[in-house]
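Structures given as structure tokens follow.
There are two complexes below, and they share subunit A, which is joined by subunit B in the first and by subunit C in the second.
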Partner chain A sequence: MTVASTDHSSAANLSIARRLADGGLIGALAIVVIGAIGYYLFPNNLALLTRMTAIALLVLSLDLVTGYCGVATLGHAALFGAGAYGAGIAAAHFGISEPLTMTLVGALTGSAAGLVSGVVILRAHGLAQLVLSIAVIHLFHEAANKASAWTGGSDGLSGIMPEAVFGLFEFDLWGQTAYIYGLVLLTVVFVALRILVRSPFGMLARGVREDRIRITAMGASVNSVLLRMYVISGAVAGIGGALSAISTQVVGLDSLSFTLSAEALVMLVLGGTGSLYGAMIGTMVFMWFEDTLSAINPFHWLTIIGALLVAVVLFAPKGLYGSTAGFVSRLRRGRG
Partner chain B sequence: MSALFEVRNLRKSFGGLVVTNDVSLAMAPGDRVALIGPNGAGKTTFVNLVAGNLRPDSGHVFLGGEDVTRLKAAKRVRRGLIRSFQVTRLFQDMTPEEHVALAILQRERQAGKMFGHYSGKPEVMDEVRKILDRLGLIELSHLKVREIAYGQQRLLEIALAMALRPRMLLLDEPAAGVPQSETTRIEQALNSLPPDLAVLMIDHDMDLVFRFARRVVVLAAGTVIFDGSPKDVTQDQRVREAYLGNYANAGSTA
Partner chain C sequence: MQTVFSIAVDALAYGMVLFVISIGLSVTMGLMRVVNLAHGAFAMIGGYLASYAARDLGLGYAAGILVAVVGTVIIAIPIERLLYRRLYGATELTQVLMTIGITFCVIGITNFIFGPTLKTIPLPPALQGSVDLGFRSIAAHRLFAIVCGLIVAAALWFLIERTAFGIRLRAAVDNAAMAAALGVRTEIVYAVSFAVAIGLAALGGVLGAELLPVEPYYALRYMVTFLVVVSVGGAGSIPGALLACLLLGAIDTTGRYLAPEYGEFFFYLAVIVIVTLFPRGLLGRSK
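On to the complex of A and B.
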């Protein structure tokens, strides 16, 4: 009797443990640990680490539509930029400088941009889709440029003075508060996305990527799945944009650029599409290279990134994370 | 009385080629109909038109008396018009369990949920196990589709169709690509389909067709040239001509 009940409860504990692990506890821990290491190792470079966090949110967001749903896009910074301008304009023009509220505004404007780009981009397929996505980012960019009364145009939007977080933690000159705030955002978003990609909706999304006709034959509407994912993706990228606005206190047109869109795609491919870890690792590696190499040789760092990307695509086509994970699971199976 | 499923004067051409030529057909619950015809006769195209994967040039498709011709494929599925594919369409990286669970969740309008996992729903898991067990796939529940044999993938196609609880089921060559020696399991699966379900099955294996169907429809060059009982089909002059003797004697050997 006692044996049986111990057995039962340990099995229950195990399944709770497994569920927590699946729910992203390990990933969340990894973010916190790596974040803490970064904090102590590079105390003078927190601005870069915060930017990495913001861009990681953009790349995660891109992964949702490109990695999980198979939509090709070179215009994803539109969602990030919309979040950045949304949060920035709220602060600079409407006096909404409470950081959590600014982040929420960023998530909302990001979702709205996600909805708009989704509606446009999802009308086409393949190459036409890619071209539409480029058109979308240029339109967003031009719109922000023209609406200079609101956005500051090419001078950028300034006058963003975020209040202290919870009224307690001032945004300091060293960027400590911004960094920790960003890390918390990334952790929360990561856990939420882990739950999302495992959910029935996440399965539908993977199904859409693999075989749209089969998804249709199950009675699900492909476009509705994609559009919902675009809106969620917009919220995630928008949070990244808001973080960027809050931490740098300016928003420039570069946050809404084709270049940033393309770089985000490169980061995603580098790390590996279709996995949240891949998105974050790709961002870290790319931006670390960008920072160190451009300091050593400002003209050739892109060459090296290019070479790295070629190597990854040729020799590790699933990206740094995807290929490593595949290798490890093959090793394990070989042993088991 | 209106039929469960009816097709009226369906027409489709690709460029100048008429692939579906004025096809009409009605079926009642419990019907078992075989649709046969030579390669390229337009059988798959017919299924595509009925299921909504292709738009007909003219004609109508009715389900339960409702005109579904203008409905998208997914909406027809939600009304119980389910199809399978001649070449399996499965998610290579997903397991049979995930496939069937997703189909059930979608049927129950729960596939849009953005949190939780199907394994936490006992009623879904029970049904998944029941379906996989019935098709002999239970041992493979957790393998990825690309790791299982093609014959088993064919069974999973049928499992998906069953999980969707069809009223009208269109099976496009459910045993295609499987060696004849291994089709027993598939035939068992076909025999265990709910009796009140209407099934239209395409197949080239005449023995299987004669065991399965109580009615045979023959399509040749997009036109229905025969619609009647299995025992008459081999005697029919036009059918013999259409097949040029290929299958004309299959009935007598069965």
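On to the complex of A and C.
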């Protein structure tokens, strides 16, 4: 601080740099760089990388309600699946196969699902809340299974043929277009969320997580904050679902499963709740591990992810990102 | 009439199996306030041990049950000491994650040891046939499950309402800190009730093997069902758990008989309605 007052120009530079960093430009840059590295390192595995991007959107959306608002939910795949089916049904039944429109439809159906599940889940607290979230995801799953005329039931919804993006970039066999499209979506959403969580509304959400009673005493409505966050979260998850529908051209019932919900929560905690970076790092680590290990033996994979989860809860409750960040800042403070 | 009767018997048997497995979860959840998603994993260990003892070693059904209950409790004790102890008083998210982690580990290790196939527990001849009730005959195994459920309910009622241990247990459920201050050794109460809960889970896993088949993803598949039962009944309440099991068993079985294409739709719809109307469970204490 003393340096800042003596040297004006460097302080100005510093604050601009800091503001850029805060605005998420560094994060956006990191997404692009890591995405490019992935593109060149694993050109034959772009489908996995695209799936990672779609799931990262789901985990980011879960982070909004769990990390920033403190709502523990085991039913968040409902929002993702709603987006996937929304985009898929738009393409397969209504002939809306323009990718951007499909994504928009996904975001809309996702936020509608967010509104519905938010209304149900937010009625209770603690154990009852968890059970409600589980019931919601199962209800969505069974409903999608039953409405097989629209969703294809357990066979999955096929016949999704997205057109070229802007009429220029065809979706190719190697999934290059889908991957780049996904990366762009992720970057845009990340920057938008970065702005959101730093806005007054984001602060209010954090306030709800820390102390509900105080927020109520301040005159804000806790439930309305949470519900609005659920709708935003639904839009983000819906975009992820739409991306998965566009890139794989099929929507299965597994996108509405309890397993996916639980996995998303595991990824979030692995990376660290309450931080957008944590959500993305957790997704990357989890899915990369899953891909390599379950190829060897799916049960070894379960054992290892279980042990990892227990270890994270016991020794690094802030997750990989949160604990590393805490460690780095302690080092810095120690030096200064 | 025939349909109504078979639905009633199946629902009752299913409800009783659910009760035997989840009553332990309900008591430990009311006592230690731990959302234990790994409870089904212990039922699964019980099922695997019983299958190993009864089928592979040929020791018979009764020995299978004994091995399952004792073995599962022995496996669970170090897990309780090392892992669960740290969860008391933690947030729900932490508890959920830790117990999901334990469940994953149990599934992985069990399948590494016993192989990824469906396990059967051979029934003794006495339980294989059907019992004639005069006007109807029902499968002996279903009757056995129902009777066991009733015995467990009665024994637990006696233990909790009529013994000195029960008094300490109830005191600790109501207010652990105050009970400890009055000289109740709460950690012993915790340990004993945890062991009883796990033993009952293993027992239920064996008893229910005909209705809830013992397979690799058992712990994950029924994890939710057990948790739902506790939440609907109200954590810590035995009559609540019994009521919830019978109610949910009836809804689920009726749904399966009459509208199988809807799967578990009605089950979860009922859960949402009940939990919304009674956030503390049907017979949970308001606090």
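Here is the rule we use: the second predicted complex is superposed on the first by the 320 of 336 C-alpha atoms of A that agree within 3 Å, B and C clash if a C-alpha of one lies under 4 Å from a C-alpha of the other, contacts with A are read in each partner's own complex, and residues count from 1 in each chain.
Convention: contacts are C-beta pairs under 8 Å (C-beta built on N, C-alpha and C of every residue); 3 or more make two chains touch, one makes a residue touch a chain.
Computed from a predicted model, the values in this text were never measured in an experiment.
Trainee: Looking at the superposed three-chain arrangement on subunit A, would you call subunit B and subunit C a clash or a fit?
Mentor: Pair status: fit.
Trainee: Is A:Ile305 contacted by the first partner subunit B, the second partner subunit C, both or neither?
Mentor: After superposition on chain A, A:Ile305 lies in contact with subunit C alone.
Trainee: Give the angle at the C-alpha centre of subunit A formed by the C-alpha centres of subunit B and subunit C in the superposed arrangement, rounded to the nearest 10 degrees.
Mentor: Between subunit B and subunit C, as viewed from subunit A: 80 degrees.
Trainee: Under the stated touch criterion, which partner chain does A:Val313 make contact with: subunit B (first), subunit C (second), both, or neither?
Mentor: second
Trainee: Please work out whether A:Gly159 is in contact with subunit B alone, subunit C alone, both, or neither, and reply first, second, both or neither.
Mentor: In the superposition, A:Gly159 contacts neither subunit B nor subunit C.
Trainee: So, A:Phe201: does it touch subunit B (first), subunit C (second), both, or neither?
Mentor: A:Phe201 contacts subunit B only, not subunit C.
Trainee: With the two structures laid over each other on chain A, which partner does A:Pro43 touch: subunit B (first), subunit C (second), both, or neither?
Mentor: A:Pro43 sits against neither subunit B nor subunit C.
Trainee: More residues of subunit A in touch with subunit C or with subunit B?
Mentor: Touching more of subunit A: C.
Trainee: Least CA distance subunit B-subunit C after superposition, rounded to whole Å?
Mentor: Distance of closest C-alpha approach: 11 Å.
Trainee: Given the complex with subunit A, which residues does subunit B contribute to the contact?
Mentor: Going by the criterion above, the answer is residues 51, 53, 72-75, 77-78, 82-83, 85, 89-94, 98, 101-103, 105-107, 110-118, 160, 164.
Trainee: Within their complex, state which residues of subunit A touch subunit C.
Mentor: 66, 72, 74, 120, 123-128, 130-132, 134-136, 138-139, 142-143, 145-146, 258-259, 262, 265-266, 269, 273, 299-310, 312-314, 317
Trainee: Going by the contact rule set out above, which residues of subunit A touch subunit B in the complex?
Mentor: Its residues touching subunit B are 22, 195-196, 198-204, 206-207, 210-211, 213-214, 216-222, 228, 232.
Trainee: In their complex, what parts of subunit C are in touch with subunit A?
Mentor: It comes out as residues 29, 35, 83, 86, 91-94, 96-98, 100-109, 111-112, 116, 216, 220, 224, 227-228, 230-232, 235, 261-265, 267-269, 271-272, 275-276, 279-281.
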